[in-house]
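Two complexes come next, and they have one chain in common, chain A, joined by chain B in the first and chain C in the second.
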Partner chain A sequence: MNCVLDGNCVKAFGKAIHALSRVGDELWLDPTVKGLALRSVNSAHSAYACFLFAPMFFHQYNLGSALEQGSETIKCKLVMKSVLPLFRCLTSIERNVKQCEISIGTPCDRVMIRFFCRHGITKTHSVSFQESEALQAVFASHLCPNVLKAPARLLCDMVRHFPVSQEEITLSMSPLKVSLRNYFEGAKDHLKTMYTEMSLHPDEFDYFQVGVDSGITFCLKELRGLLAFAESHCLPVSVHSGAAGRPVCFSVEDMVVEATVVLATLIDSESRGPSQPTETLAPPTPRCVDAAALPVGYCDAHSNIPHDTAAGTELVASSQGSPIINSALMQLLPQTDIPNELCVPDEACHSASTTPASTTICSLLFRALSSDQDDPGLPVLAGYSDGEENMEDDDYPRSPQL
Partner chain B sequence: MPLSTQSQSDDEQYVLVASLDNARHLSNILKAITFKDHAIFTATPNGLKVTVEDSKCLQANAFIQAEIFQEYTIKEDLVGFQINLTVLLDCLNIFGGSTVPGVSTALRMCYRGYGYPLTLFLEEAGVVTVCKINTQEPEEPIDFEFCSSNVTNKVILQSESLKEAFSELDMTSEVLQITMSPSQPYFRLSTFGNSGNAHYDYSKDSDMMELFRCTKTQTNRYKMSLLKPSTKALALSCKVSVRTDGRGFLSLQYLVRNDDGQICFVEYYCCPDEEVEED
Partner chain C sequence: MKFRGKIVDVACLNHFTRVVTTISKLTKMCVLRLTPDNLFFVLSEKVANGGVSMWCELSQANFFDEYQMEGVSPEDNEICLEVTPENLSRALKTVQSAKSVKVKLTKKHCPCLTIAAELPTLSSTSRVVTHDVPVDVIPRRLWHEFREPSVPDFDVSIYLPPLKTMKNVVDRMKNLSNFLVIEANLNGEMNLKIETDLVSVTTHFKDLGNPPWGDDASQGGGPSQSRDQDSMAEARVDVRRLQQFLMGQQVNPSKAMCNIVHQRVLHLILLHEDVSLQYFIPAVA
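Right after this comes the complex of A and B.
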């Protein structure tokens, strides 16, 4: 595969890489007929991002002789740390780079990224890669009951109210309003926490459809990159979501690029719609939490929250009976369309607290990466595109693949 | 200025007296070569040369000509001593390095000779500080035997273009490889790091290339740890000349212009890390 980007596109490409670097530590490159897809997933498999650049985005886009021979183009996985520094200083790229050439596969196992700069300077980087299966999350966005569309500016402004350190936020939707508030878990000292909530009228949005009243909680960090990308390109952002526990999908598209971020959301056994705002403001204590799936854990699998800090928290075995502390292998819990049906861990949890919920994380499961291969009965929310056996549950037919 | 009211008789004891209205003209240049604690000072009637060496493979020299100084008196043909450069810089910046325009630290540097400390009189806004820094027996600076007649390849670049390259250099690479050739790639900096290789190519037709005189293709590798300090000199400079000789020894010469527009030079000499087969 060989492609060439013109100067002003290199900055957009770099911004996409910045956004992907906020999601995961590895970058998947997948050259296809539809364009060059850049993807990343976080280590907890609860956030996935994909940027697809159409062939038209490039000055030249050439899949190479491999395609003519009928064989697969090379798909590769790069370490984000090797690629991000090349695009780190976007202002300098904007100033100096006239063209950028990217080739995969020639020679040997290197991706070559070459910058043709002003003043007759050429910078060539060969980055080693691993051949890999394409990474894809299949998400039926057209089946989502709730759809919002707003200019990136609006979403950025909303999100700007929350400090950078804020890990998760809760987006609540009802036919009357949309609200965003910060999310706290566990027995945090609420004297020290600042609660922020903002509400918007449906009219603020370019498109507003609420099929199911819901409050979804997801990680903000991984989303910020996409919002920055969308804002710099003045693109509207679409938000597809459903009930708590279903993944939420943020997407932007224009003629030459489609970007998607899919995030897992917390499952809440009792619906915590915006009709019960006071309840959600008080951090529930104690809570039964699936220790492997602490909310903060899924956003950053490396922040090992000591599971004994939440006073009075019962540690509940996950439905698969997996060991308590195993945040890297997110267990996919039985999903049904009935929001009130309790998941297994909930039933096992006897919380004496006034606030009830046992929350568990719904994660995106990438079949090839899961160790839990023996349980085909579980519907997979998002699987590798080439895994035919993934979609067993008719409720989740595949959406067109990215 | 109080410093100049010192009587003539005091001066007679000194073999070297050098004064600057703005000590920064000296301290800035010295910062460009401070990668080791100790420096060899060599003063001649032409001016001051400060030398810093590292593991017998790298040598940096800063030249401050006599003309730069407001007063420069030397009683011998050669005055040499070794001194702790870090301490000297601390003293030169004793007033905190104020950036208020018009306010500068004045310096009078005096040396009585072998065995005596280097005396610095520093004055700013009427406050005078006297520093005496112990000197040591000067070591003989290494003679890299780098002479113009042996130079095989030479380029002069505007520092602007190299600054960016040096700031982006992959520090996980143990070596910096420099290729100079009368044909493609002309002038190339290469690194071999953990994530992969990088090449920075400068075309001979580049408008950043002020002079391009390469007679044969040469590729040499130099330890990155040795060359990294030269980035400080690069940052101060407006032009840099890169020369290699038949043995692969590298000479980097930086043209530094101070606030008053005066010119000083800093040069780095470096031994090649290993012999690379020449194409």
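Right after this comes the complex of A and C.
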């Protein structure tokens, strides 16, 4: 794969990498026909981010000989620490870099990033990668009862009121208003913790649909990168969510780039509806910090029953023995009989592709792409209270509830 | 006990925020005293144990458009709260663009100072952001610890050089030694000295000027009368304390001076139009 970016685009690309670095420590590069996808997931698998740059974004975009051979293009996994410093200082990139060339060459396991700078200087960086299956999230946003769309500015302003160290916030939605509050578990130190709350009127949103009154708690840190990206491009941000425990998806798109961050939310059985007064600051009963574990995905074209996850699941045996990233982030809707539209055929990964600019479909298939089905068992995404990746476990996948 | 104040003017809000931020840089926790006319941020560590003490006085009328309070009782019409100024500072910093900011004493899960800001939005309704800063109420029997400190019987009083310059010097000196001697005389000369086994460094400042305390200085028999103009009064202080004081200053004060009680205490005073800040650093042997 080989692509070339023009000066202005390098900054946007760098911003995307910054946003992804807030999510995880590894960066997946996945060149596809639809564009170059950059993805990251955090170690607890409770946050996933994907930036897809369409071929139009690039000055040149060649998938290279791999396509001609008919085999799939290489997907690489890079260590974020080796890529982020290259794009660290965006202002100097903006000033100095005229073009950037990125190529992934098979012979050597390296991604080459070349900056053509002013004054005839060329900087070439060669970053080694691990070949890995790509990683994507399954998320049926069209099934989400709650949809909000707001200019990035609004969300950034709201989020600005929370200190940078704030881990989690609770977003409560009702037909009358939307409120944000910070979230603390356990009464750690009363005198130290400051509570912040704010509410927004539905009128402030470009699109407002609340099907289910809910309060979802998710990690703010991982989201800030996307919000910064959206604000710099002045794009509106769409928020798709459901009841507590269901993942929430933040997405941004324009002609040449689509960005998505999917976060797991806490399962909170308290009915802390948005109409509740702020006095309810009694700390909630501590529960599994790491939220609704991203449910194991499955894609079984025949089954309509969400819980039937065992058979027919696409599992990934990574070609290089890298850990099986099989977590599927998916909407489990036990109470409805909505046909499972998440099932997608094997090869065609409808990754955040040419989704219409509406809020309907933004399905990301979160699974490793592979036609191999060596492993019949299903790795389970364990509760992440200790952050361990429980990859080898063959147990029946647990539902999000503990 | 009740307290409710409202700030409407942007400049006042800004100034108030900067004062609170300065305080937050000086100490992690302090006491906020509210009286009908003033607000005081007080810190008093045990000076005997080498602790610093701080006294910051603000006149409420210069900041608040509305200010109502009811103290503990009609005779003791004051409220004393222990607060973490950094929380207050954080809360205030994010609402700088507010149309109005209300500060109230409330009881949520614990007593809190609630900062409720009304932010302008594009739509007709305003957005309200509330920050609840937890506080601890200080009982009356402890109030004596937070009295206004009296100006000590100083030996020399002198205006400080520009704080930025002083900060630069102190920053460099901190790398060399833990203790710094500050000495000054009534001729407007001040020296900052450090001395170690290997090296001694002195920075001299001249023509600083001495504040005319006039009749107020009669406590010590009037330093200007009985004291030799060239004789230096000195205090050896922990350089980190001095550095902390200098680091926190956000705005150049209208007047900055210090009083030195020879080998006892260094008393720093900063004056703005509506805020005064006093900081006491004890001298070490």
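Following the convention adopted for this analysis, the second predicted complex is superposed on the first by the 276 of 402 C-alpha atoms of A that agree within 3 Å, B and C clash if a C-alpha of one lies under 4 Å from a C-alpha of the other, contacts with A are read in each partner's own complex, and residues count from 1 in each chain.
The working rule: a residue touches a chain if its C-beta (ideal position, glycine included) is under 8 Å from a C-beta of that chain, and two chains touch if they have at least 3 such contacts.
Treat the numbers as computed from the prediction; the structure is a model and nothing was measured.
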Return first, second, both or neither, reflecting whether A:S128 touches chain B, chain C, both chains, or no partner chain.
first
Should A:R110 be classified as contacting the first partner (chain B), the second (chain C), both, or neither?
first
In the superposed arrangement, does A:R160 touch chain B (first), chain C (second), both or neither?
second
Is chain A touched at more residues by chain B or by chain C?
C
After superposition on the shared chain, which partner residues are touched by A:T193: those of chain B (first), chain C (second), both, or neither?
second
Which partner does A:K81 contact after superposing on A: first (chain B), second (chain C), both, neither?
first
Could you tell me if A:G120 is touching chain B, chain C, both of them or neither one (first, second, both, neither)?
first
First (chain B), second (chain C), both or neither: which does A:E204 touch?
second
In the superposed arrangement, what residues of chain A touch both chain B and chain C?
none
Parts of chain A lying in touch with chain C, wherever the complex brings them together
157, 160-161, 163, 190-201, 203-204, 278-279, 281-282
Residues of chain A that touch chain B when the two form their complex:
79, 81-82, 85, 92, 96, 110, 119-128
If we count contacts the way the header does, which residues on chain C are in touch with chain A in the complex?
82, 84, 87, 90-91, 94-95, 108-110, 112, 119, 121-125, 127-136
So in the complex, the part of chain B that touches chain A is made up of which residues?
161, 164-165, 168, 185, 194-203, 205-209
